[in-house]
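Got some structures for you, see below.
Next come two complexes built around subunit A: one with subunit B, the other with subunit C.
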Partner chain A sequence: MSNFSQMIAEEEIALVEKPEKSEPLGLLFWLCVGWIGLNIIGAIFANVLPLQNPQFQDYNALNVGPSLHHLFGTDDLGRDLFSRVVYGSRISLSVGAGSMLIGFGIGSPLGMLAAYRRGRFDTILTNLMYVFLAFPAIIATIAILSFWTPRSLIKIIVVIGVASIPLVYRVIRTATLNVATKDYIIAAKVQGATDRRILLRELLPNIAPIGISFLLIGVATVIALEGALAFLGLSVLPPTPSWGNMINESRTILQQNPWLAVFPSLAMCLFLLCLNFIGDRLRHHFDVTEVKL
Partner chain B sequence: MSPDNEKLLVVENLATTFSTAGGPLPAVGGVSFELMANETIGVVGESGSGKTVLTRTIMGLQQRTNVNVTGSVLLDGHQMVGASEQEKRAVWGTEVAMIFQDPMTSLNPVMRVGKQIDEALRVRLGMSRADAKVRAIELLELVGIPSPEHRYQSYPGQLSGGMRQRVVIAIALACSPKLLLADEPTTGLDVTIQAQILNLLDDLKERLHMSVILVTHDLGVVATRTSRIIVMYAGRIVEIGSTREVFSAHRMPYTRALLESSPKVTNDPHTRLVTIPGRPPNLLKLSDGCSFAPRCSFATDQCHKERPELQDADEPGHAFACWNPLPATRKRTVKTT
Partner chain C sequence: MLLGIVFIISVGSFYLIHLLPGNITTVIEGPGASPSNQAKLYKLLGLNKPLFQQYFIWISNVLRGNLGTSFISQTSVASTIRAALPIDLEMMFLSQVVAFATAIPLAMRSARKPDGWLDRIFSAGSFTLLSVPSFIVIVLLVLFVSVKLGVPHTGPSSYVPFNQDWIVNLESMGLPTIALAIGSFVVYFRVLRSDLIATLQEEFITMARSKGISQRRIMWRHAFRPSSVALLGTAGVNIGGLLAGGFIVQYLLNIPGLGYTLIQAINESDYLLVQGIVLVVSVGVVLINFIFDFVINIVDPRISRE
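Now for the complex of A and B:
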């Protein structure tokens, strides 16, 4: 190597040098994290927290608006809306987390394997998934939940989770296919990397941003789906509250007491919004593929 | 380290055929050549002449389906044709390594470059994490990357194209391969960086006693850096010989056409470059004759009907496949009109 080319090389590096410290995540990000954290703590410790019994009916206070005594007011049976929203998050969050755990736990390893291995395994599995995809998931979910009685939270999680597998599979498989044909995967292979290593160390980090984005959208969709099922009366049985079935119940007396719809909807919206914002921010923050000049 | 007169690579009658919807596609056919230890051989030809498929076949990198490889690739005693994944893994890295065309896609964008070099060292040589790091930094230094300790922590996205190609070379050299396959290593880089990378390869080849197969479509690249040249057309070798011989005493009209179509410093300003008329042949519809015949101004009936085999020229080691070769003259100067 001549000194000259060394010099050019150094100059080149100076040009593309990126500041070592990346930009901070920002206040809004931490507010969102805080809100999600608060929701999760609320859901876990609902029965320890100083909340009113969500089932207790106070006939002296039916359909009252927000006050100091009842933060969000009460419903038509005199139940405290605030404590029902907090308790309701238990169902919504468990459905969101549980069914995505099933969907991603099964869908993503299958998708990665199929895209990496190709061949007959891929053909059979992909076509099978497409058959499931062709059948509307909501109809299948409704049909199964209608007949699989008595209903329970676990059954709802399992049905929604299984229904989400084909979708997760397709997204992850496509993302992996895109990466698996890149030269650096072949390069890793000809350096003697094993299949396991390629899947976990080379492919997984590359598809993780897509996976995480899709996971967060998935949690949001599933929480909304639980709401939809509750709307049809197919979610957990009353009087157990969930954000979805609270919105459903509010519909009959919407004109007398709109708060009944506003608070659970607001809780659901804020939660999903924060989740999406966090996902977006994280993806941007940890993206090392583009130089930030 | 092998002595210089030892055959490192013996390719015999190698053919790679893809099964496609349109029938069998012979991407590489009847290729035979030998490569000595510590020798650099250039493979030149137009796009689609089978250069890349040839290197990938030598490497043993075919898809598992739709491809049929026959013949023999003997790499330092290891048969690569028909070898299992395990057998190939034993050869990859330590016997043969590869540099890819585009440094933008041959590095994993989400892994620090140091880790990518480490990987080979730890998997293939079983080094400890700390040893691998020391060695990786040495390798980065070897390929001319300034402040290697610092660069070890960089992501590929933070490096320029030339730097990335240096890293790619460092990865390829990690397990001290005896043979380095460089598939158009400078196509994705600009001209000044190209020269640096080629000089680096040359330098490393001498220092590490490697053999190199340099694939390119740029004759200027091979002219000064190879001892021998293989000219490929439609998946076959049409001329092979020492670099000097191929440049100055080529016999095959295609070689001449290739040489004439590259610009020269001695040309008058505004000289039009000679182009080869027509297009490379459709490999699905190859005739029985010479595949260059439809584009060749010397073609006769025989050329269209019978395929010429490689025949020896006057100089030992120089061979060409042509029925109507250019006359054997010393010192042919390439003219451009």
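Now for the complex of A and C:
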């Protein structure tokens, strides 16, 4: 969750920082978007694409290096590394997307409502969330997953998703608070707009940019977390490939076949890098401050 | 507040055991156990009592330092934890020293000329490293340091406690320290850099400059102190993640700290040990966070908690 904590710290600084002119998003941004898109397509259509079976063991080709036949080479059981990396992205992507769906689905409406309504509702909810924030989410995740057996993908998604609610709540509440005191919100209220309209039509579009960039960075954080859980043996179990458990399995034969560690690591790092980059860029791009208005 | 959080943690850790599917007696005695034996054990463990009564028995034992005896190894959970804990503390301490010692000067350097070539390199580098999880760092470190350069890293048998031979101890701590420090360094560098840039635009800095105070003095005396608040805040939040990263590092490098013990306990289904470690670590993280909050209040008296 370190990326997350850093973002919160930066968000608080950004309020002080002098606004810069928003730059165009740039080529690198669109390259990253393209890469993420490619990964998503790969994950969804993995079994339609002309890939080798990730479980098929070819004993005539154990630990071979990258070649035309096996783009990334094969592992110690003769399984095609490229197709395992592609199939592995399914686990990482579904954990990332699923848990953030839960986290944002519950955390952001609560955060918006609390910041808009204020009063006792806000006080109670915020204090409650701060109590949960003080609880180390990673430790809680590890603890619950180690007891809640047998483990499955759904359980992992639920546990991480629920654990992320307090963080999402805090971020969205802060973002909404900044907007809710603006003149145009007061103007809307004076004109007699309903709460529902103000929340959905005035507040939501204005906090969406921050929300989306947090969402992307959140997905990146969660994917890294799933990798860590795979290392602890708390994620999906082999032979189902995931980036995390592939890297974990590669450790024992690192000397004979370093490719086993390199390719899944590269896939994961590139994906996280792109997510972080897009999130960071969006945040700066949509950093609409009063000075600019 | 603190007591409330610790209470919730204790309830949470206590309840973990009840998350286990089925009956815990089956877990302990194996699937072939006879029903009468199971019933005996059930009573012996006090599982027939109401839940809140079980909690009180458990918590009063915990407060007396008794975390139970492992079903698997028949050793006291508390003594196992006591043996492993110093290793974690040492790892955290060393990695934080390294991270701060590198992040602070580099961030100052970057903030002096934002968008200068040095700043660009540092910022791009730290952004890239931000996307590399600590377990990948350690795998790659092992790959390049140990395998390619032929420098051996220590196994579990060669781990030497600090008070026995501190040179060997520090040698075995090298890799894990670097792996953990990289993750912290990246976060600290980025936070401190952006905060310093903001601080350096304040009027009191312009004032200090106009008085002809040297750059170095302005940095350390005038800009660093207000900026260090954000740094400390981040460090406090970072501890939880650092611990989890440390767990994996220990597991990969066979260092018998809490993380290594925890993973073994998970694999062996040693539930009481897992419960004990979770409790100790969670309470530890919460305490560290409160200490950080306290320190922040001293550094910046303007912040008074709501």
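Note that the second predicted complex is superposed on the first by the 245 of 293 C-alpha atoms of A that agree within 3 Å, B and C clash if a C-alpha of one lies under 4 Å from a C-alpha of the other, contacts with A are read in each partner's own complex, and residues count from 1 in each chain.
We take it that contacts are C-beta pairs under 8 Å (C-beta built on N, C-alpha and C of every residue); 3 or more make two chains touch, one makes a residue touch a chain.
None of these values were measured; they are calculated from a predicted model.
In the superposition on chain A, A:G26 contacts neither subunit B nor subunit C. In the superposition on chain A, no contact is made by A:G34 with either subunit B or subunit C. In the superposition on chain A, A:V190 contacts subunit B only, with no contact to subunit C. By the touch criterion stated above, A:P109 is placed in contact with neither subunit B nor subunit C. In the superposition on chain A, contact of A:L272 is made with subunit C only, not with subunit B.
Of the two partner chains placed by the overlay, only subunit B lies in contact with A:G119; subunit C stays clear of it. Of the two partner chains placed around the shared chain by superposition, subunit C is the only one that A:I138 touches, whereas subunit B remains out of contact. The partner of subunit A that touches more of its residues, comparing subunit B with subunit C, is C. In the superposition on chain A, no contact is made by A:P239 with either subunit B or subunit C.
On subunit A, the surface patch touched by subunit B in one complex and by subunit C in the other comprises residues 1, 5-6, 8-10, 12-13, 16-18. By the touch rule above, subunit B contacts subunit A in their complex via residues 59, 61, 64-65, 89, 92-93, 96-98, 100-102, 105-111, 116, 119-120, 123-124, 144-147, 151, 155, 157-160, 162-163, 166, 168, 171, 174-175, 192, 196, 199-200, 203.
Residues 1, 4-5, 8-9, 12-13, 16-17, 19-21, 127-128, 130-136, 139-140, 142-143, 147, 183-184, 187, 190-191, 194-195, 197-198, 201, 230, 233-234, 237-245, 247-248, 251-252, 262-263, 266-267, 271, 274-275, 278, 281-282, 285-286, 289 of subunit C are the ones touching subunit A in the complex.
Of all the residues in subunit A, the ones that touch subunit C in their complex are 1-3, 5-6, 8-10, 12-14, 16-18, 131, 134-140, 142-144, 146-150, 220, 224, 227-228, 231-234, 244, 247-248, 250-251, 254-255, 258, 261-262, 265, 268-269, 272-273, 275-277, 280.
Of all residues in subunit A, only 1, 5-6, 8-10, 12-13, 15-18, 118-119, 182-184, 186-194, 197, 201-202, 205-206, 208, 288-291 touch subunit B in the complex they form.
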